[in-house]
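Dropping a structure here in structure tokens format, bear with me for questions.
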Amino acid sequence: MSAIPGFMKGLGYTFKQMFAEKSTYDYPNEPLKMPERFRGIQYLDVDKCIVCLQCQRICPTQCIDIKGKPNPEGKGKVLESFDINFEICILCDLCTEVCPTEAILMTNNYELATYSRDELFKDMKWLNENDENIRRGDA
Amino acid sequence: MFNWLHGPMTVGTLLTISVLAVVLLLIVLAFVTYAIYFERKVIGWIQLRHGPTEHGPLGLLQTPADVLKLLIKEDIIPKLADKPLFILAPVLAFVPSFTVVAVIPFTDAIGFTDTNVGLLIYVALSGITILGTLLGGWASNNKYSLLGGMRSAAQMISYEIPLILSAMGVIVMAGTMNLREIVEFQGQMGVWFVVPQIVGFLVFLIAANAEMNRSPFDLPEAESELVAGYHTEYSGFRFAIFMLTEYVYMFAMSSLIVVLFLGGWLPPLQWIPGLGFLKAVPGIVWFALKFVVVVFYWIWLRGTMPRFRTETLMNFAWKVLLPVSLLNLVATAVIKALV
Amino acid sequence: MRTEELTLNVGPQHPSTHGVLRLVVKLDGERITHVEPVIGYLHRGTEKLAEGLNFTQIIPYTDRMDYLAAMLNNYCLVHAVETLMGLEIPERAEYLRVIVMELNRVASHLVWFGTYLLDIGALSPFLFAFNERETILNLFNELCGARLTYNYMRVGGVKWDAPEGWLEKVDEFVKRMMQKVDEFHTLVTGNEIFLNRMRGVGKYDAGTALAFGLSGVNLRCTGVDYDIRKFKPYSIYDRFEFDVPLSQEGDCYARYLLRLEEIRQSLRIVEQAVAQIPDGPVMAKVPKMLRPPKGEVYTSIEGARGELGCHIVSDGKDKPYRIKWRRPSFVNLQILPKLAVGLNMSDLVAVLGAIDIVLGEVDG
């Protein structure tokens, strides 16, 4: 075997690889499914939020903006507005880790590309409607 | 066709030959289009991926799409570039590549020239391309291009010598430089020149690779070192011309190898009696098959090998290939004189 | 004949400078007379930002320093904090940490392998290496939800336990990768052109290496046997059997062989860890607000590129007073001007690739 010059062994290897199985994904023709724990865009459940502001405090890039108002029916606070600035959100998952009521959860969606930077500023309504592929809490 | 060349020239013959020449040009262009596609597919398969698949069925329209994009781009000439030379360089590089295709005999009936110095014309004309690349490197007013152009000139000049010397072994054995007669001589010999001239064949293969500026000898356009070498500043249509040059040379060089060493249009294994039925397949099919094998070899080599260092490249040409091809020539001459 | 020295700018955008690095090169014909690296194009001020964040919030930032080996960066920070606080980490967490760190080392070396050979001119090994790396990234995706910036380790343990069937997949991968390393050797190591490009290029000896403060493979290729996992074992590395590859040559070929050998040794460690991993909790009992006591600590680990160290000065609050990371690529890059004198352009690219830098780490 050592009599064969090294580069011919290389040529033989690449020739065999020509018939091996291809390892590319056919994205975007076929959607790419992410595993259960994938950290995608957040989902917000407005009713569960108690405006404790833990997520705003833990966020490493300060991308969450919360405004609460006193609860008209009962005690505590409810949400008035909840914005996440996706220009700086790094999808690090610390906000879901500290939330005591599991009001904010990650989904498995990752398609965030938009044509204009204004659309990257997601508000409460959008985050509430982003309810597909929500990550299970016990994953 | 060769009868027309040897007979008197009439208006009818002239017109027919011109039309056939245009047909040949179109065939060469079609070859270039699908050679690019073939290269991308084969390299893709080597690298465990599919290659072009999006445009057209199986990605067959990928090259026309690329060429269309290149043609409709804005023609940018850098402000401080030497304008006449900048425009002249791609033309000088490209015109010889098409002209040398004229000397190749494709079958015993199809060929455009029948001169006694066919090989000499080929080598002489392909030397003009070196001027084109050097001018392109100089006229761009860009240090990367200059380096690339210098490297290219040094490399192509150095490797022309082993190229010619290894082909000389074939000429000594055949006794003629007429390419059609070389193929007929192989028919008479019974074996192709690749067998008695195996050393010459290997040297020719390596030197041809260097002449075409392809990997592993692609220093002049080393992507990871010099961005793109001598055609860094060219964009759009002019870049398309440089690319066309490279692929037309692949056509011309592969055809030359098939004619000189692999028996042209002759069917294989003719020395085994009983295989006469192979003669029923037309010569052009055999030519095309051998041609495809040679082209595949260039692509396979590109997908596997890294590139040489500058000094190794030069050392290899002058200290290894040149002595080997000289020895081959001397041995051929001695054996021919004795036998 | 009058000749002039040519000043070439191997600019911030270039196909082979592994990131945004600028090299101002003075050439005499094709020989290099002087090289000056200009860095700072990727500086994001991580160390300064860290002064306004508490320790858990700094962990996503460490992912982005050496983005090819993020687990190792995570570990460097949490190890320093745990040493300062004197915490005891559960066994299962330690084993999971070792598994992900060594897998990440393999992934980083695969990227190095692919890009180095791409610089040298071979187009195909890049894709073979990235094919294997895809498997590792998919494993990490299942484990912690991201492919490149993991945010996986926490002070006191790790965030998630391994999901069902994950450890079996790791074991399968280890077996396949061991074979693939042999295939890489078949493709590359015997090839005469590669040997000609790498052998004898960029040679230096142990004295120079120690004087410049090199570490990792760049030091071990000269014969100095210094691997922090053996010299000052941290975590549970003293429980595993592995060799530290050494060479005496000191050229690019030695570094290439050592990194491929390191892939094999890392796979050995992963195999043993998967076999030995116990059950248990993955996070120690730590208070919600991490307040390390007042003091300073410097700890270092064996990163993918060399000695990765973290120096924390804490004044009792939940945010550090000052953090400094000793980043190996920043230190290793300093030897380039010395090695580059007298080479030609192709060799410069080969030498720069063999030092193995990541610009995220050089600039911080």
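Residue numbering begins at 1 within each chain, and the chains themselves are lettered A, B and C in the order written.
Everything below uses one rule, namely that a residue touches a chain if its C-beta (ideal position, glycine included) is under 8 Å from a C-beta of that chain, and two chains touch if they have at least 3 such contacts.
Source: prediction; values computed, not measured.
A comparison of C-alpha centroids places C closest to the centre of the full protein. For chain A, the chain whose average C-alpha position is most distant is B. Should one ask which of A-B and B-C has more C-beta pairs in contact, the pair is B-C. The centroid of the Cα atoms in chain A and the matching centroid in chain C are 26 Å apart. Centre to centre, using the average C-alpha position, chain A and chain B are separated by 53 Å.
If each chain is reduced to the centroid of its CA atoms, chain B and chain C end up 45 Å from each other. Of all residues in chain A, those touching 2 or more other chains are 7, 10, 13-14, 17, 23, listed in ascending order.
Each of the following residues of chain C touches two or more other chains: 124, 128, 131, 187, 191, 193.
Shared interface positions of chain B, i.e. residues touching 2 or more other chains, are given as 46-49, 303-305. If you check the complex, the residues on chain A that touch chain C are 5-7, 9-10, 13-14, 17, 23, 34-39, 58-60, 90-94, 97, 106, 135, 139. Within the complex formed with chain A, the residues of chain C that make contact are 53, 56-58, 60-61, 124, 128, 131, 134, 138, 141-146, 149, 151, 159-160, 163, 183, 186-193, 195. On chain B, the positions that touch chain C within their shared complex are 43, 46-49, 143-144, 147, 215-216, 218-219, 222-227, 302-312. Interface of chain B with chain A (complex): residues 42, 45-50, 300-301, 303-305.
The touching residues of chain A, when paired with chain B in their complex, are 7, 10-11, 13-15, 17-24.
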